[in-house]
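Both complexes shown next keep subunit A, but they swap its partner, so subunit B is in the first and subunit C is in the second.
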Partner chain A sequence: MATEEAIGPDSGGEDITRPIDDQIGAEVGGRDPMSSVAIREQLRDYIVANYLFGSGTVGDDVSLLDEGVLDSMGVLELVLFVEETFDVRIAEYDVVPENFDSIGAIASFIEVKWNDVRQALAS
Partner chain B sequence: MCGIAGALSLRGAEPLGPRVLRRMLTALQHRGPEAAGEYYAGPAALGHARLSIIDLAGGLQPVCNEDGTLWAVVNGEIFNYVELGRELRARGHRFRTESDSEVVLHLYEELGPELLERLNGQYAFALWDEPRRRLLLARDRLGVRPLFYTVVDGTLLFASEVKALLVDPRVPRRVDLCALDQIFTYWSALPGRSLFGGIQEVPAGHHLVAEPGWDTPRLTRYWTLRFTPDGQAGRDDEGYAGRLRELLVDATRLRLRADVPVGAYLSGGLDSSAIAAIARRYAPNRLQTFSVAFADRVFDERLFQRRMAQRLEVDHHIIECRPQDIGEALPDVIWHTETPILRTAPAPLFLLSALVRRHGLKVVLTGEGSDEMFAGYSLFKEAVVRRFWARQPDSRLRPLLLRRLYDWLPELQATSQPYLEAFFRQGLTETADPAYSHLLRWRNTARIKRLFSAETRAALEGYDSRHELDALLPPDLPSWDLLSRAQYLEVATFLTPYLLSSQGDRVAMAHAVEGRFPFLDHRVVEFAATIPPRRRLRGLHEKDVLRQAVRDLLPDDIWGRPKRPYRAPIAAALTGPGAPEYVGQLLSPDAVRSAGLFNPDAVSHLLAKCESSARVGEVDGMALVGVLSAQLWHSQFIEQFDAGLFPERRDVVRVGADAPVGVAP
Partner chain C sequence: MDVRTLEALGDTPQPLQPEPFHRGVLTIDAAAETARIIEYLRGSVLQKLGRRGAVVGVSGGVDSSVTLALAALAFGPERVVPLLLQEKESSPDNAVLVRELCRRLDLEPRVEEITGALEGFGCYRRRDEAIRRVFPEFDSTYRAKITLPGDLLNHDALTLFALTIVSPEGEAHSRRLPPAECREIVAATNFKQRTRMALLYHHAELRHYAVLGTANRNERMQGFFVKYGDGAADIDTIVHLYKTQVYQMAEHLGIPEGIQRRLPTTDTYSAPTTEEEFFFRMSFETMDLLWYAQEHGVAIEEAAAVMNLAPRQVERAYREFRRKHRATSYLRAPILALDERSRGRAEQPGWSTRG
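== the complex of A and B ==
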């Protein structure tokens, strides 16, 4: 499965200057949350590097399946990337096109998951 | 089995520069190492590199008819030559040899190009008709044997392999980018094309005629695979199985005809096991069988291979392929395939033919062709399931059948049901498209075109290979049933141009080994095409009629085994610390930029991803092998090809009227 090293040159988006773990810790701890834009950019970098071999770009609302960016197997890599990078637990029933078929959908899904964690920690 | 080469000047001049034919025959040395011959007649030249299999003493070619007016060079075998020869002799034809090649000449005397309908074989031949001053090139129905040609400088040149054409300095070496686009969609160039710009193949089931004075040769199709289910014939299941058994036995017996021992490949599956079992009964010699085994258990089938070999009491030989063996062999494999490949599976077969040769054999039977004709592939089931689902696209139950497809592909099995559905729902209702069965696969493969360079993309702007494909299909194909359409497409776009070539003839002939395919006997093929589709694929149970036909020949566990495709490791062979040195060199930005086909950054991304992934996915695997083999191809044939590497062949015997005294005829 691809790791961040695999995407090397393309993983250095401007909003991402610190190790991922720090960002997640900050997020979950309620400090300096990673912005929605940053999440999207990080996803975009990964998707372009990993599925488009670094060329072209993908809009927030583009359907990854319809546009042929992902195949049914590519989604497994994507799920693992999201789990590892954004520190969210993804259940099998979460792996549906509604959550993973566009950069916007994935970003929203991650934010909902973080919110769940935050609420669980708060209660 | 052999290689052929030659030329015809369409201007009626000398066809070739001095000694060029002998150098072309050197380029075909691996196909025919044992003898060579040439014949010149005015504007025509014929050359032959021989591997002796039938009539060891008398089979030297070129061969001529009674009065020396017809001359031919034949690559391959005419299996029904005994029956045809008997018939022709009874009608007064006099034969000079006991070889199968000679029947071509005598049949031509009677029938002209229509002789092809009488042949049961796997062949490519060239025939010079002196009285008519006409050259006929022909290729067998399914294209088991290759035949390429080009017209340069008013001369038609032909040869079994492209490298022999490239020996002539007049033949340019350039890339046909449309063919590259096709290869990265269908796995091979569409019938008729090659990746070499200006060099074409005589497509399977076609012949080509040329005469001095013509601008271009004329290509004619003489055979088409037609699916004509005979639902009305009233044959029951046993009837189909019984008839199939008779045909398979006869097809195998004909393919045991040889003046040298015949062996068999054993993959561990149903098809090759059945053929080996039949061959065991009829082979005059003790049968030897050969198998590929893999160090990686994911790919390995040696238990089934051994089991079958023990049951048949044959001498069994295996070659165990480690990933590094595949990596090391790939450059040689591409030298022989002369086209990029999208998986590494041809490499072990290249190594296997070397093993066959080391055991002194030149001929092997294999089970190739059965999956296409008896609906063994998951692709066919996929088409049937999706069409069933398309009739009620909102059904919750119908798409659950998707789980039963590709059960050997762990990545797909690990995919969640909603994603499986989302993926297979693409184009779900396009059932009226004649290529419905293949659209998803082609689209999936075409993802690797993302690696094309900006220049390649620009050159292909607006190009859509689909029109060219549609023009090749039988006009009434859209009215055929879904399964028949799918099978036709599979034969025309994959079996003939990819499997029989890159995974068949080319990797076997690399070591002068001839593969013979009983399932591709045209009588078996034509019979299979009459079986009603519901019997070819019963529900999702593949190869039903065939299983019944060979029930008694096989142990239960092999008889009942689900189809498992033959695959070989990719990432382990080409990446990581043990990767061959050429991988890094050919995929380096400089090398990629120099060849110009692919985007250097994209290739670096791909390589980095494959290097760092624990599991390389299907598409990435295809992309890696495709790009690397295209780079190998470009390096060997475009950038670095050196015609000087092919000196004049020394053992060439000149035959014909102007030959030195004492030589036939």
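== the complex of A and C ==
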């Protein structure tokens, strides 16, 4: 029987006594909790730097897959970048076009994941 | 040699004539197709390339077996060399099936052991070091393979490589592959195909023969080959045939049943890996028809009705095919040159083509 394990930042041992938004903010580089716009800009910077030779830009709704920006190795790299930069754990079933096909989709996915953490910590 | 270069030479077997889409659209007249390929091989190898026979790398799979049988018919057994390239992780079934095939074709297989060459390249060491970064417990008693999410038709999962190791007790563990380790495992493993290629050309040069490629249409168009590895050959013998058509040819050519029934595998990783779980993510029967439908502009609704699938499933397959074809275009690209005219000079009159 195969076991499936997502590889991601170790979330064990985190300090749950801090305010929730502080925790999330600290986990993305010690800054204040990121706005949706800031998330998108950070994603855009990464994609332009790594897949477009540092030139041009990508709109929020451009399909990264259909436009050939990402190939299968690019998907692996982007998933790892999102995990490490935004401190979200990503399971295999999360890696679907609905979540990863555009900058807007990825940003929404990250915000949903953060909301899940907030709700879990608040309950 | 890539597809475009071959097409420039002319007379490449073209896909069979399109007709209205139906479930039997890929059924071929295998006898007529055999005659067509034999004529093509003779014209290409003997006349265009000026070689005297053919070398075929054989694995005991259906593609290389069909290619070998066609070569034997085209040139006669005395002008064909079947080459079995074994290494320590090859399935023992390969040799058994190749010998049975060669007996039937009146051929004598040549066997080359490439484990030493692969150890020299660091193939196993580089790969295993990368695997251990993901699974520290991995050692020589384990087996490993790379897989993709299955069931493409019913799930929107993106291409996300996973590494699976199998313990000596048979327990399997899978984890998503980090990009660096994924690249290292693939690059190390590709030594296998490129070492095989080097030996195929060695044996071809010994005899002034050509190397016959064994890729089918699915493999070439979706990029399921190693550039300058199993993708390297002088002639792409069956690259115009879909996998299910290769099986029809196998039946017509009398390929041993053990080979026809064998589940297609990559024969690349130490743990058994089918081509479906490693790459294609659906059955060949379904994939061939959907690929044909997309190539021929069959509307999603029409393809779905013929194949008894939901339009959403067909749309998902079409999208995956387009992405995979584009993502692997690098593999099929010719060597680029700033001045393309300089590429063709060796083929113009007055220029020697001898190396």
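Basically, the second predicted complex is superposed on the first by the 91 of 123 C-alpha atoms of A that agree within 3 Å, B and C clash if a C-alpha of one lies under 4 Å from a C-alpha of the other, contacts with A are read in each partner's own complex, and residues count from 1 in each chain.
One rule holds in what follows: contacts are C-beta pairs under 8 Å (C-beta built on N, C-alpha and C of every residue); 3 or more make two chains touch, one makes a residue touch a chain.
Just so it is clear, the structure is predicted and the values come from calculations on it, not from any experiment.
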item	value
Touched partner set for A:T85, first subunit B, second subunit C, both or neither	neither
Subunit B versus subunit C as contact partner of A:A49, first or second or both or neither	first
Contacts of A:P97 with subunit B and subunit C, given as first, second, both or neither	both
Residue contacts with subunit A in the superposition, subunit B compared against subunit C	B
Subunit B and subunit C footprints on subunit A, overlapping residues	1-3, 5-7, 65-66, 68, 71-73, 75-77, 92-93, 95-97, 100
Subunit C residues touching subunit A - in the complex, by the definition given at the top	134, 149, 155-162, 164, 171-179, 182-183, 319, 322-323, 326-327
Touching residues on subunit A, where the partner in the complex is subunit B	1-3, 5-8, 10, 49-50, 52-56, 65-66, 68, 71-77, 92-93, 95-97, 100-101
Parts of subunit B lying in touch with subunit A, wherever the complex brings them together	411-412, 414-416, 418-420, 422-424, 426, 443-444, 446-447, 450-451, 599, 601-606, 608-609, 611-615, 617-619, 623
List of subunit A residues in touch with subunit C within their complex	1-7, 65-66, 68, 71-73, 75-77, 79-80, 92-93, 95-98, 100
